[in-house]
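What follows is a structure written as structure tokens; I'll ask about it next.
Chain nomenclature is as follows: A, B, C, D and E, assigned in order of appearance, with residue numbering initiated at 1 for each chain independently.
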Amino acid sequence: MAVEKTAPAIELINVSRRFLSPTGKSLTAIRDFTMTVGRGEFVAVVGPTGCGKSTTLNLVTGLARPSAGEVRVMGAPVKGIDPRIGFVFQTDALFPWRTVIENVMAGPLFRGKSKAQAQASARDWLARVGLARFEQHYPHQLSGGMRKRVALAQTFINGPEILLMDEPFSALDVQTRVLMHEELLRLWSEAKASVVFVTHDLEEAIALADKVYVLTAGPATVKSVYTIDLPRPRVVADIRYEQSFIDYSRTIWADLKEEVETSYARAAA
Amino acid sequence: MAVEKTAPAIELINVSRRFLSPTGKSLTAIRDFTMTVGRGEFVAVVGPTGCGKSTTLNLVTGLARPSAGEVRVMGAPVKGIDPRIGFVFQTDALFPWRTVIENVMAGPLFRGKSKAQAQASARDWLARVGLARFEQHYPHQLSGGMRKRVALAQTFINGPEILLMDEPFSALDVQTRVLMHEELLRLWSEAKASVVFVTHDLEEAIALADKVYVLTAGPATVKSVYTIDLPRPRVVADIRYEQSFIDYSRTIWADLKEEVETSYARAAA
Amino acid sequence: GATTASAADKISIMVGGYEKQIYLPAKLAEALGYFKDEGLDVELLNEPAGVDAENEMLAGAVQGVVGFYDHCIDLQAKGKFVESVVQFSQAPGEVELVSSKHPEIKSPADFKGMSLGVTGLGSSTNFLTEYLAVKNGLKLGEFTSVPVGAGNTFIAAMQQDKIQAGMTTEPTITRLLKTGEAAVLIDMRTMEGTKAALGGTYPAASLYMQTEWVDAHKDTVQKLANAFVKTLKFINTHSGAEIAEKMPKDYYVGDQEGYVKALDAGKAMFTADGVMPQGGPETVLTVLSAFKKELQGKQIDLSKTYTTEFVKNVK
Amino acid sequence: MTDATVNISTASFRPGTSDAEIEAAAAKAAAHRRHAVIFWRLAILIIFLGLWEIAGRMAWIDPFFYAMPSTIAGRLYEWTTQGTSEGPLWYHLYVTMEESVLGFVTGSVAGIVIGVALGRNRMAADIFSIYIKVINSIPRVVLAPIFIMILGLGLASKVALAFVMVFFVVFHNAFQGVREADRAMIANARILGASDWQLTRSVIVPSAMSWIFASLHVSFGFAIIGAIVGEFVGSRYGIGLLINIAKGSFDAAGMYAAIVIVMVVALGAEYLMTLVESRLAKWRPQPLHETQ
Amino acid sequence: MTDATVNISTASFRPGTSDAEIEAAAAKAAAHRRHAVIFWRLAILIIFLGLWEIAGRMAWIDPFFYAMPSTIAGRLYEWTTQGTSEGPLWYHLYVTMEESVLGFVTGSVAGIVIGVALGRNRMAADIFSIYIKVINSIPRVVLAPIFIMILGLGLASKVALAFVMVFFVVFHNAFQGVREADRAMIANARILGASDWQLTRSVIVPSAMSWIFASLHVSFGFAIIGAIVGEFVGSRYGIGLLINIAKGSFDAAGMYAAIVIVMVVALGAEYLMTLVESRLAKWRPQPLHETQ
């Protein structure tokens, strides 16, 4: 960790990721992808579905390795999984044989906290995501949105320095989403964490982020980067009615529209 | 089916659904729930996360039985699964050992279509959801949004008379979502299908539906029903800027906000 | 399903272990081609596990069994009539060996407190052992018979001193003598030894069949008798080496001269004419009825347990 | 998996039914089901034994080979009251059980440990599993004398035989179970900071649990078989010995009686295992076709 | 599961590497891995045999009981060239294989069918599975003579024995595999209009496949064992017979030679099974700990 105190949190340098497609020839999910996330920076990533967002996050976590290029976290090249990273998966990844609270306690216990401590903070976090009453339920007894919230608590509880989130709020109703936004921003500002936030909700992206990356239709590369300078602290609920906000969303929307159309054109071909 | 030609597509009459919660005592997901969906009607359902939307749909499909009350489809009480119903699940339910196209072909083959026919229409539908190039991929090789689109094709291909959809578009980017909206509306108007559409995106709900049901925080009952009389055919992309649209969304938003807050208050307790 | 050989001369005979010398005549007859000479089509099957063979015969799966005569008595007690048609041996061919770790054992009288190896508790080795001990003035319970099977397990048991003495057959005997791990205490491979030990001849290895089958297929049985008696004559008139010549080599590949030695030492146990030796059945009955509670209080008609009709007709 | 989670979705009630009523109804339904099951189980048993008895008495089958339930029962009674010719029945049973249980425990532990280890390490798996699979094809009856030569006639050799009966079945399932563990879950655990060992303990093993149990269900029966095979080849006590003696004296009833004893014991073991399993599996959703 | 999906994420390249290069590298890595595996497999084999031979020659172990690789090889050579005293080796092998394969096929088919059937029908499962589990604890060595009495000494009785060795293992896994099938998938299939049979065929069985295969891997070994046990209790030909005679005449080399033959055959079967399995499993994602 002591490599360079000043190094950015995440660097992707000309990264490419290829997969063997069933037809045998290789399919490129990401090509020459370059992105830098500074310490304490909040980055939102938007892009057409299937362009390569999740794959990018996987590269940062170390769950997957780039086919080419280099991925650096805190200045050091990624090898294996880095405990300073927190990752909210796009798909459900709770442990079905553990109750809700046991699921949330997993992180702290893995990291050597005492059972008591773990339980205490798990309780706290379950309350924050509004699942205090469901402590003893098993995942399959929860609704989709509830499971997602458990996953959030499971990640937040570890107070990660780097927080990667893959469409974390898409399964939540508008208001719950707002509440979660506030939790997220609190955590972010308290812990000075660096956040990469993948979403399909432009307004969400703009409301939360310092920078919004727009990706091209797969193979993903950075199409354009928008720096959002709306004043902080932001009140997510109201910000969406401000003019500058609306302008941002108009432009990014247009920008993205192009991409999706190209991707469809290609798919059709 | 020939019970009453005029009977509504779906009737839920004072339905309740209870689950045994792990603590042994029973948890009520739905209480005295009453709702009627006419033939060819497009109903959107919004409600706080975890209130009971998916459970409701499960009751209609016949995958689950009510603890009390009665569920009628096309005028006849529900017993077992009804082939006239199509259901887009909230969670991933593709067959991992089948390629994308085989997944989409499943329905027609189950329903006795010839392999050739099935393949043809599967190809057609894959093109419509923009996955023509991924025919031969297996689900685990697809992105979240792509899997969701496969699921949509899988359901649409059967041209169901009743179409139940549980947050079908939440994993898609804004533009892809718009395209899907158009596909959905086309299918709906062509097949004169009756649709129940669960979503967390108010604008989506308003843009698509004839009626929007707002549910109370669990146990779910109908809080209020809004009849949306915006002219059809609607152009989803633009409609969101019309004044009446914005009014609708303001009111429903407020209405929903209340619910979520109560649900949080209760959860905290 | 179960096949009963009809008038056709196709017969299956279950042998309690091809390679065992006590059952030598079975394989030898085949090797010498005597069955063919009699125009018989005999199929020999291998079944070392002993008693299963009888059940299979009674169930009609096979017509004859080459095994110990005492089963004929057992079965009669159970109401099944089986008779020995050709009596191969007049001595059990068993030897009571004493582990060289225990030279103090000089006679069965010294079995007191010892563990004695037998092949199985239901087997004739067990009754013979008990009979010997009791005959030498011990009481049941003053010694224990330990079932150790035959072959390697028997040797292992003796090496591990799990048994201080034990009764077994060839080739185990020769092996243990060769390695000097054991010495012969009582040799029941010969008439004399047997007489000395049991007070009479002890008919053991024999070909027996269900009585009604025999009565129904007299000519077939006659042919069998011819073949086997010829074989017994051959054994009687040839040296161990010559006999070994004729046997499949897999049987002595382990240790050839041991096999031959064993033959020379053991071939005396075989009758020359296949006739049930005088007083033999009585000896067996006394030995068995002394210890087998299934037999106690049962009336056994020995004359129904064997027949010399056929072997007598062999010319 | 089990009756643990009562299924209250079968009955249908008018609105306003109280929870109490609904739970009562649920309990009632479950109880009713249980009774039906027990009834049929018994029915089958009785019919089977009845036919057997009749077939024996009518001499459709020869009781000399196949005995009859009555004679078997008689022999069991005799053994339990007066003991066997080789000493008290309980002692024989005790000996066999000691061998089986030891073999079962060691065998399944080894199977699980090695199975999990190889399941986690692809390279090692490729290298060793081939040997494990091949060794598995050695007839146990052949191993028996070898073990006795090496381990002696005592407990050890029988345990070893039970072990080799159990190990392979458990190994294969544990191994495959590990391979089947959900990738997403593993990924999540790692991200949450699980060490290799923690990962194995709290993700891999739990998700392989149902695999392991599936194999344990067969294994105990196999353990008993192993012990008995060992006793066949040479032993002073044990059910295997009883069977052998019974056969040696054409005592079909005795043989079947011994088998019945083995079965009863196996049944008990099965019951215990199911208990444990249902405790461990209480997190599972009911299979769908049972919730409706 | 398999090497089928080559894992190209291990190497790391400078930007602008062509796909061709990357695929080549991937292929190379895979090949390298394969060679390493083969090397170690052989190494272990050779070391093992070497030690055995030496131990024998040094008389650390008594070759009389344990033979030596050299003598075993000798016996194998002799058998293959001059045949055994009981007829040509191939014929014995043929007989045993015929019995095993028949038993294996019938046993696994029955196991799968009944396992799936009971797995789909909770009530039937509760009623019958108890019997299946109990019967499984009957020692096969005891069954052997009974089968022979009923079925005669021919092929049938041996096949029956192989059958009872295979059936139970396969049954349990098939049964559990069905129980494990994902609820969501079943629900989806039904909604899509699958009839009960279609559901079973195209959802239940595929998702139980890896369970079934896990059991098949052990089962073929068991089938051979069953056949050999049968041959022990009475036979004219077969590997079991060879083993028996070898044992009876202190021919350790012969006994181990026979075992070696069994092993080789089992190996072949294993190989075939793995081929089939990897074809069926080509849809699977690679286990996570192998993709990095």
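Annotations
The working rule: a contact is a pair of C-beta atoms (placed from the backbone, for glycine too) under 8 Å apart; a residue touches a chain by one contact, two chains touch by 3 or more.
The model shown is predicted, which means the values in this text are computed figures rather than measured ones.
If you compare C-E with B-E, the chain pair joined by more contacting C-beta pairs is C-E. A centroid comparison over C-alpha atoms places C as the chain most distant from chain A. With centres set at the average Cα position, the gap from chain A to chain D is 47 Å.
For this pair, chain A with chain C, the centres built from the Cα atoms lie 84 Å apart.
Per-chain Cα centroids separate chain A from chain B by 27 Å.
Shown for chain B are the residues that touch two or more other chains, namely 19, 63, 91-92, 99, 138, 141. Each of residues 52, 55, 59, 151-152 in chain C touches at least two other chains. Residue positions of chain D touching 2 or more other chains, listed in rising order: 65, 145, 149, 187, 247, 285, 288.
On the chain C side of its complex with chain E, the touching residues are 1-3, 12, 14, 17-20, 43-49, 52-53, 55-56, 59, 61-62, 151-152, 171, 175, 248-255, 259.
Those residues of chain E lying in contact with chain B across their complex are 182, 184-185, 187-195, 198, 202-203, 206-207, 209, 283-285.
The touching residues of chain A, counted against chain B in their complex, run 19, 21-23, 46-50, 53-54, 90-92, 99, 127, 130-133, 136-138, 141-146, 149, 166-167, 170-177, 179, 200-202, 253, 256-257, 260-261, 263-264, 266-268.
Per the touch definition, chain B reaches chain E in the complex via residues 61, 63, 81, 83, 85-87, 89, 91-99, 106-107, 110-111, 138, 140-141, 154-155, 158.
Of all the residues in chain E, the ones that touch chain D in their complex are 1, 33, 36-37, 40-41, 44, 65, 120, 122-123, 126-127, 130-131, 133-142, 145-146, 149, 168-169, 172-173, 175-176, 179-181, 183, 186-187, 210-211, 213-215, 217-218, 220-222, 224-225, 228-229, 232, 240, 243, 247, 255, 259, 262-263, 265-267, 270, 285, 287-290.
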